[in-house]
Structures are given as structure tokens and as C-alpha cells.
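The data blocks that follow each hold one structure.
Consider the two complexes below, in which chain A is the common component and chain B and chain C are the respective partners.
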Partner chain A sequence: MFFLNWQEGQNVKQIKMKQFITFVRKEFYHVFRDPKTLLLLFGMPIAQIVLFGFALTNEIKNTHIVVCDYANDNASHRLINKIEASKNFEVAKIIMDHREIESAFKSGKIKMTIVIPPNFESDLKHFNKTQIEIIADASDPNTANSLNNYASNIIMDYQNEVMPESKGFMQINTQIRMFYNPELKGAYNFVPGVMALVLLLVCVLMTSVSIVREKELGTMEILLVSPFNPILVIVSKAVPYFFLSLVNLSVILLLSTTLMHMPINGSIVLLYFASAILILTALALGLLISNVTNSQQAAMLISLMGMLMPTLLFTGFMFPIENMPLPLQFITNIVPSKWYYIIVKSVMIKGLGIASVWKEMLILSGMALFLLVVSVKKFKIRLE
Partner chain B sequence: MQNEVVIKTDKLTKRFGEFVATNEMSIEVYKGEIFGFLGANGAGKTTAMRMLCGLSLPSSGSATIAGFDVYTQTEEIKKNIGYMSQKFSLYEDLNVLENIRFFGGIYGLNNQQLKQKSEALIEGLGLNNESKKLVGALPLGWKQKLAFSVAILHEPKIVFLDEPTGGVDPVTRRQFWDMIYDASNKGITVFVTTHYMDEAEYCNRISMMVDGYVRALDTPTELKKKYGAKSMDDVFFELARGAKRKAD
Partner chain C sequence: MRTLIFLLSKEFRQIFRNTSILRMIVAMPIIQLIVMPLAADFEIKNINISIVDHDHSSYSKKLADQIIASGYFKLNDYSATFSQSFEEFETDRSDLILEIPKNFEKDLVRENKNRLFLAVNAINGTKASVGSTYLARIITNFNANIQQEWRETTRLSSSPNIEISTLNWFNRLLNYPYFMVPGILVSLVTMIGVYMCALNIVKEKEVGTIEQINVTPIKKHLFILGKLIPFWVIGLFVFTIGLFGVGRLMYGIVPLGSIALLYAYLGLFLVAVLGIGLLISTYSSTQQQAMSLAFFCMMLFMLMSGLFTPIDSMPEWAKWIANLNPVTYFIEVMRMVVLKGSGFADIKMYFLIMLGFALFFNTWAILNYKKTN
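Now for the complex of A and B:
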């Protein structure tokens, strides 16, 4: 009788360890033999990074503008050249008549017009003073503001070049420095967001679906009848996804440092540690979902709806939390990805250490622990 | 047949709120016996079987499986039983060998036992050329035979089979029953539910469940005599037509 193994012959601990390894190996087979799982697991982070990196960006590049050049002299030509040289603008047309401005805007292709007055060069030379008019299409106020800033910077630069002596003369120069992100790159904002999103989505989805699949196929019954500890069923299911998520995280980091030129200023160990906690939280959430559903489709739907919306809305990488009404701001506190997002930004971009993010780490760990305890307690070890 | 009792229940009952799924079931099953557990759909068979396997806690009554109590010693029970459910219960994305190793592994077999057992099993089923094939690609008949072999891989004292031959052709069913006889000859008790009345004839003893109650328990021959029936079909019809519960 083989059950004798359990009673005397072998060390029970040894048997349990072997059971566990057997189970984890089986989970890896499932993952690597299902092209859909693989695609989701590794395709999603790449797609997200590329999507957010190149398509969905709030940086403004190559905006078409019109210059209305009444001066048409050397000074105005130099200014126009300078504007054209910047990566933000592309001069679509140089016109001589302000009546053409409105029709240019109406075409929708032009977002801004710069009007250079007559006698631009001579005014500059003789009076040290002239005016330039900037007209922006403010139907999208944020874009208009940014364009205005970019243009003002270029003109300021130009002024410093042509009359360096004017610097500091009878005027207050504002010096603006953008700390941590001098080039105002959107990537600094969205990469930590995408990290949170991908880790949460993938982990929650994978665990819930893989447990529900065993229920659907009827193999869960067999597992529960076997001497394998039901709690270990959960743990063994979580192990592969935990490690694969860390691989996933590395892919995201690699892509964002090479493609997006993101820095990793802080400790990479701390970054992985925080991610590990988020992954645990996600695994626990997936487990909870698997307890309340019996079909893979339902598990998938709940995971997607339950994770995607709150993460997108309440993490802070799409919509600033400070601008939300108070009740919503309060809700963001229970979204794990918000805390993770703060940690990642602090560590990756500002290069801060554990001393600055311990509070967020503690909150995230608390959430992970709470969810794990609840989900393990709720896991049905019997069939009714 | 030895008279060692391996399953003993006394007034075993399971309630779901007002509904009594299994009502005061008292049966005894002997070592090496093929025990047919019959009843219409919804008669309470699955619930009873789940209680015996430790998958579901009884509401009242008592039961011992292989000498272990269903309330307090489910761990021990699980080590001593095998189970095959209605649904095909191997992993289709694992190959034959991997399935055998997986289930053997979680039943605590060591490497040497695993190797020896899996070779014997594959040889016995004539699956030598298919051992590296994914189970999903095998015909249903082979899958069921494989599932049964896996369920008794760890040489349990009792194996529970829940409608093991559903949807299988008659030839394969016949082969399947040969395997059941082999297991029984080795001293493994077979506790089987079925809807095929010809299969009921193959059992040493059968019990008939109607509306949660065990209405009859005897050998097929005795039952036919008692109800004056020619076949088990007639016995089943005689007993089941009084049923009030609809199938679930």
C-alpha cells in the first residue's frame, strides 16, 4: 500500500514538498502550453508601453502653425527659422494678411498663429521694444496653454540672442526649472502607471481564470478529494504567476529605459520589492474573484471591469487626484495601485529611498495581507 | 469475498435548508466489493458520494470510510480513497505521462514508485506510443480508462466512480468493466454510480436511491426475485416511478 509512505516510511515534510513541486510544475505547463495566456502575459505590457509611449501622449510635437509676417525682414526671418527648428512646431504657411488667419484656424489643421508686426527689426534696434501677437486655438485649453508656453520660451530665447544686453534690464526674468523631469516627458507619468496597470490586470486575471478553469473542468473536485492541502492549491497556483509577473516587470522596465529613456534613479531592489507586494495584492484579489464565480468568462469580465476602471481613474496617472472632489479623493485611498504609483514615481524618478516611501509601503503591505487572509479564509475547501 | 467492512454509514443525512438531499442513509460496503449506487437524477447520489469522500460535511448521522471518521479524519480518508468524477478529470493540456506523474505526485508517491507505476500503467493500457501525446488528443474511451487507472494509481482501499462510462461506446464500456473487476480482485472496493442497468447487473450488490432514501439494497439476483422483475431495468422502474423529485 502506497499510503504507507505517509504513515511511516518517508518524512511527511519531504512528501509535502514533492507534492508542492509537482503542482507548481503542472501550473507552468498550463501557462506555457496556452498561446492565449502567453500572449496576454507578455503581449500586454509591450502593447501598453508602445501604446502609451507613442500614441497616447500629452506631449505636443510638430504642431502646425501659421506665421503672419508683416515685417518680412532679417530679424523676422531669423525668428521664424528658430521656431521651425524646434521640435514642437512646424510652420505650415507664412502669410501676409491677417484676414487669412481665421480661415486657417477653421480648417482645423492649424493650432496657433504668430503675428510679427511691421518694422519688427527697426523697432527692436531703435526702441529696444516691440510686440508679437500669439493667437492660439483654445477649443482645447490645455493644448493652447502648452503651445503658448512653448512659443513664449522660443521668443524669449530669441530675444536673449539678439540683444543680450537687454537681459535683466528693467525687467524681471522668471527662471523656470522643471525638477526631476526637465524635458516634461509624458513617459515619467505613464510608465509607473502602466506598471501598476499591467501587474494588476495580468495577476488578477491569471489567478482568477486559472482557479475557475479547474472548477469548470471538474479537476478541482479531484484535487479536493486528494490528500493535497487545499490551501497549497492556492499557493501553488500563485507561484508561477508571481515569478512571471516579475519577468513582466523586467520587460516593462527594459522597454521604458531603452525606448522611452526613463531613468531608474533609486534602488532597483526597492522597486522590485514594492512590485512584489503589489503582485501579492493582485493574486489575492484574483483568488477572491475566483471564489464568487464559476465560469472563466465571468472571472475574466469581473477582473477586467473591476481592475481596469479603478486603476485608470483612481491611480493618478491619467487624472490628477488633487483635482478630484473630496469623496472621490477618499475612494482613491482604497485603490492599491495609487500607493504603488506613488512609490514607483518616488523611487524611479526622484531616486528616493525607503525612508521616504515607508508609509506607502506599509499601506500597500497592509492591503496585501488583509486580502490574502480574507481570500484564503473564503476559499471553499468543500463542495456543497 | 471477505466480510471486512470498509464503508459504514448510520443514518447519514445531508440537508440544504429545508431540502433533505440524503435522508438517513445506512449502508455497509465490504472489502473488494463492487457496490452499485443507483438512483434517478436528483435522487441524492452525488451528495451522498461527496459526503463519503470528505468533500461535503454531513448534517447528521455517522460514517466511517476505511475505518476513518468523515467528520474528524478527512485527511486520512483522502489518502485511502480514489475518485473519478462524471466530468472527465485529467488535464487535457498535459500529456499522458505528465498526468500520471502529477496525480501520482500529489498522492505522495516517490520517484521510484512513480516510474514503476507509470510504466506498468502505460504498458497495461497499450499506450506506449501515446505516452507523450496530450491527453486532449486521445479518444474518449481511452481517456476514461486512463482516468480510472490514474484514480487507482496509489492503490487506494476504495475507489469512488461517479458515472464513469457516460457517453462511452459499448465495447469500451465492457473493457472498462474488466478493469473494474481487476481492481476488485486486487482487493480495492469499487463504489460506482451508473445509469446503465446492464452495468448494474455486473455489481456484487446494489443500492437503489429514491428521493434521498435508500429504498433497496441487495444483490441484483435477489432484487429481481423480490420485485418479480426480469431485468434490473424493471426493478429500477418499479422503484423509481414513485419518485416525487424531478431531475435537477
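Now for the complex of A and C:
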């Protein structure tokens, strides 16, 4: 008797499993039969990696500048040649009248002007003293700051060249070693960020929209009145995105190691494990969003503006967290991707092990668990 | 004309009756505009530094003092051994380690040279290069000072000196939000234009109500105008709130140039952007598709617009993409007119280019829009 019951239970379990797999397959079809969605899913990470890797840099190169050369003597020509030789600057124009400076700035392309005073060479020779004025377009404060620094360094270099006798007198040399990223590639900073961004995007946005879509079109009603467990309906919606995210992650890692020559110094298992936790967090969030909205447009707006922007802002890969006002710094702590970003940087680039990142892992897991519980609790079986 | 008025009143009613979306359309950009410039501060000023001082001389202390006094660096720890500091370094608590060797002062005086060691956490390449440049400059200054001191005491002749004075035009105090707010405002207006327009039309397709419109004698261009005008108005509205509400009240940004000029450009820009939204809608049949396409385009537009990273530094092929991006031009115009006070003569070319974009996208979209399946 007992045995029969057990067998029956086993059968029911098997049938349920079969149903579940059927549902998951249905969801996979949904995704794969829509090439435009696939474009977003796979085209985006690739495009982002390429752009961040090759096109986007905060480094300042080839800035167009104007030199206002009142001196027009040998010394000033040598200085101009030296400026032109650096990769940071491109001398667009040499002018003789300071009234042209303002119009050059206003028409856009010029970011800096260097003003060399008359009698530059003779002042330098006879009085040992002269002045140079740097005018920067500070509407972009960062660029202005860096440009000022670069230009000052060039002028100081020039000054040292002019007077070789002071060399060797109490000279301090600084030996600089760049750790972890000796070539100062932007990719080292961006790739972990792009990973977090893509995983969140795929999971939160796609999950919430695809669930709400069924609500909007009315097919959700059909699913809810079926004998299949409603929670499993939702879970089966999340499963394809879970796997797609892992595939995406692999694509990103593959691209960054082959195209960008980035190292994976730490354990790759740990990397995938951390990613899986982030994906679960994101899926739970997507689920939560789908619970509180009824239209795809609203779901998308919440996911995009409420989720994507904070990720972009508060993860720390685009904007330095330590510069933010304190309340915002506090907010960054509740953004899951911030912790993920720290983990990926430590594991992938610094090659650290679980001993150094267990705290971050714990925080991330806590978030995942909390969001999963809340979203399942909030899930409504009944339509209002 | 009467048909158009009917269509418009239908669209506006539809928008105003969906309060949750309407609220989001207005609230989200404002919140973002308030938060983003505060967060998006690239200026590198809080570099955490560890100093390992093996010398403990008056020179080494003076150097440390000068570094901290510069305002760019925050002293994280002042350790006795390198390995101690390296632990801080590994866990990201410090970004730079400066190691001052033993007998730093003595060797400098006796042998006329010495060497400092600087370890930089270079994962964030920008921060690393800016940080080490600042530090190198402080060390050079320190070097020049002690050279000068010795020369004075030993009565050597003074060396030639070029004084450098820097002026910061257009943003004297190097206020970062001045730069970011106009750019972010543009990106928000673009997002609203592209997403709202694309999704609104596709929703009619998905739900099936577009069929009802297709069987009426409404002309193609009237239907499209009916869809575009409401979002054009919303775009203007959001821009106004952003410029006057957030920009002026919160950040104190008063455009130097003509406001009429800004609005004229905005009007043209919105036509181009809505054309893109329309185009996306003609290529998709579900909202999810439209969203995917729109998102993909938006990502390219935002990243390649010079909003966050300078276009001048991009490689040639990337500059081409940036130049084919309408958002690039509006961001530049905003920054020029708002911060530098550029006039119409300065941005004539920009008007022509945007006109080209507007014509191109809208013509393509209208040609591609079909009333029949």
C-alpha cells in the first residue's frame, strides 16, 4: 500500500517535471524566435565591449589648441614645436592677436590657448624670468584640468632643456610602477562594469517585460487557471534568461581575453559563481517589477530608469564613488552591482581568492535571498 | 486639419489617462537630472595614498606634508613597511603607495640624487595616470624648492624660470555640474522621444487598434503627425522643467546665450529624434522588439555622443560614428550656447546638419510605414 502511494507520488513528480520542462521550452522558443530581441541580448554586450575597449577613453589625446605667439622668436618656435610633438596636443592655429581667442573658443573646436608674451627669448636670456599664460576652456572642468597639467609639464620640460646646467643638482627621480594594468588600458576598468550592466539588463528588463506582456495580452489568465503551479509559471519564465545570461557572460569573457588581452588571474569558477548570484538577484528584481505593473511600457520604464541608471551611476566603474556626496555614497551600498563589480575586479584582475571577497559575496547573496523571498511572497495568483 | 485635431485630442487623452506612465515621464527625468550630476563627478580629488617612510627625516616629512596639503590626496596610512601598505592597496583602500627610501635626505645632499618609488593601482587607468601626474608635479615642485633653498644658502646663481599662469574661461570655479547638466538634459529628452514614440505606435500594433485606424480614410501623414506632435510637446515640456526647474534652481545654471536659439534647436532636434522612434516602430511588431531596438540605439547614441568621454580622444572610425549621431550635435550646441554664449553664427552648421538628420530619418520612416499588411 505504502509502496503504491510512493510510486504514484513519484509519477506525479515526474509529470510535474515534464510540465515544467515544457514550459521552459516554450519560453526559449519565445526568445529565439524573435531576432530583434536576440540582437539586444547578444549584440549589446559585443558592441559595448568593442566600444569601451577601443573607442571610449577619458584620456585626452589630439586636443586642438591655439597658440597666441606675440614673441615669434627662436625660443617661442622651439616651444611650439615641442607642444606639437606631444600626442596630447594638436596646434590648430598660431595667431598674433588675443582678440581672436574668444571667437576661436566660441566656435567650438578649440579647448586651450597658450599665450607667449613678446620678448620671450630675450627675457628668458637676460632676466632669467618670463611668463606664459594658459587659457583653458573650462566648460569641461576635467579636460581643462588635465590639459593644464599636460601643458605645464611640457613647459617645465622645455625649461629644463634650456638650462642644462641645473641638471644633476639634487635631482629626485621617481620610479613609477603601474600595478595590475601596466598599459593603463581602459578595458580593465570597464569590462567588469559591462558584465554587471549586461547581466542586470538582460535579467531585470527582459524578465519583467516578458511576464507583463502575458498580462497585457491576456494569456497570463490562461496560464493561471491551468492546473500548473503558478509560481512555476514564473520560474519557467526566468530560466531561459538565467542560461542566456551565463552564455552572455562567457561571450564577454571570451571577447575581453581575445580582443582586449585581458587576463583572468583568479578562479573562473568563483567568477561564474558570483555571476550566478547576481543573476538570481536580477531575476528576483525583474519578478518584483512585473508584480507591481500591468503594462509593458511601465515595466520597461521602471527597469530602465529605476534600475539601469542607478547601475550605471552607482557601480563605480563610470563615476568614482568617493567623489559623490555622502547620501549618494550610502545609496551605492544597496546597489547589488557595486558588490559584484568589486568581486569581479578582485578575482579577475587582481587574482584574489575567496578569502578576500567573502564579505562581498555574503552581501550579494543576502540581497539575492531577500529579493527572492519578497518577490515570491508578493506574487499574486489572482488577477484583480 | 480637422482630422488632425481629432487625432491629437485622442493621443493627448490617451497619454493623460494613463497616469502611471505620465507620472514616470515627468518624474523620472527630474530625479535623474537632480541625482546624476551629483554622482557624475569625474574630477579626481580623493586619491587615497599610503606613504611608506623609511627615512623619517625632515625632508621626507616635508614631502609628505606637501602631498597632503595639495588637496588631491587623502592619507590612508603612514606605515613602516611596504608589505603593510600593500595590504591596504590590495583591498582598494589605497590607490597609491609612495615609498621613501632610507637615507633619502642624506643621499640627496651628498650624492645630489635620489630615487622615490611609486606604486599605482592602475585598474582605473584614468585615475592612475591623473594621480601619478599630480604626484609627480608635487615632487618636482618639492625638488625645485629644495634646490632653490640650497642655492640661496650656497649663493649659486638662480636658474631661468618660466612662470605659468592658468586661466579657466567659461567656468571659472571648475564647477562640474555646469558641464554635466546640459548634456544629461539632452540625453533625457532623447530617451523620452525615442522610447515613448516607438512604444506608443507599436502598442497600437500589438493590441490591434492600429487596424481600426488603417481602415479609416485618415491619411498616412496625418496619422504620423498625430503621433509625433504630442511627444514633441512633451519633449519641450520636460526640457523646460529640466532647464529652468532643475538647472537654474538647483545648480544655478543660467544660459549665457540666447534661450530662443536653444529652443529653436531643440525643436529641430526633437523632430529628428521622433523620426528615429517612428522608424524603430515601423520595423517592430511587438513592444519587446521595439524596446530592444530602441535600447540598442540609445546605448550607441549615449556612449558615442561625447557625454561622458571626449570625442577628440576617439580613434578615427569611432569619430565617424560620433559624427553620424544626432545627439552629439545637440550636446555640443547645448554646451556652447549655455556655457560659452555662442550665437547663431557659431552654430549655423549645426542647424544644417540637424535639418539633414530630421529629413533623413522621417523620410525613411514614412516610406517604410505601411497602412496595409
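Everything below uses one rule, namely that the second predicted complex is superposed on the first by the 262 of 384 C-alpha atoms of A that agree within 3 Å, B and C clash if a C-alpha of one lies under 4 Å from a C-alpha of the other, contacts with A are read in each partner's own complex, and residues count from 1 in each chain.
The rule is short, and it goes like this: a residue touches a chain if its C-beta (ideal position, glycine included) is under 8 Å from a C-beta of that chain, and two chains touch if they have at least 3 such contacts.
Worth saying up front: this structure is predicted, and the values here are computed from it rather than measured.
Asker: According to the stated criteria, A:355 is in contact with first (chain B), second (chain C), both, or neither; which is it?
Answerer: Neither partner.
Asker: After the superposition on A, what does A:34 contact: first (chain B), second (chain C), both or neither?
Answerer: A:34 contacts both chain B and chain C.
Asker: Tell me the contact category for A:85 with respect to chain B and chain C: first, second, both or neither.
Answerer: neither
Asker: Using the touch criterion from the header, give the chain among chain B and chain C with more contacted residues in chain A.
Answerer: C
Asker: First (chain B), second (chain C), both or neither: which does A:22 touch?
Answerer: In the superposition, A:22 contacts chain B only.
Asker: Between chain B and chain C, whom does A:326 touch in the aligned arrangement: first, second, both, or neither?
Answerer: neither
Asker: Just chain B (first), just chain C (second), both, or neither: which does A:96 touch?
Answerer: After superposition on chain A, A:96 lies in contact with neither partner.
Asker: After overlaying the two complexes on chain A, where does the chain B footprint on chain A coincide with the chain C footprint?
Answerer: Touching chain B in the first complex and chain C in the second, residues 34, 217 of chain A appear in both lists.
Asker: If you look only at chain C, which of its residues touch chain A in the complex?
Answerer: 18, 20-21, 24, 28, 32, 35-36, 38-46, 48, 89-92, 108-109, 112-130, 132-137, 139-140, 142-143, 146-147, 150, 158-172, 174-176, 178-179, 195, 199, 203, 206-207, 283-284, 286-289, 291-293, 295-296, 299-300, 303-304, 308-310, 312-315, 317-318, 321, 332, 335-336, 339-343, 346
Asker: Considering only the defined contacts, which chain A positions touch chain B in the complex?
Answerer: Listed in rising order, the residues are 1-3, 5-6, 10, 15, 18-19, 21-23, 25-26, 29-30, 33-34, 217-219, 221-228, 382-384.
Asker: Using the touch definition up top, name the residues of chain B that touch chain A in the complex.
Answerer: My answer: residues 16, 50, 53-57, 75, 78-81, 83-94, 98, 101-103, 105-110, 113, 154-156, 160.
Asker: So in the complex, the part of chain A that touches chain C is made up of which residues?
Answerer: Touching chain C from chain A are residues 34, 36-37, 39-41, 43-44, 47-48, 51-52, 54-64, 105-108, 111, 124-125, 128-146, 148-149, 151-153, 155-156, 158-159, 162-163, 165-166, 168-182, 184-186, 188-189, 205-206, 209-210, 213, 216-217, 293, 295-298, 300-302, 304-306, 309, 313-314, 318-320, 322-325, 328, 342, 345, 349-350, 352, 356.
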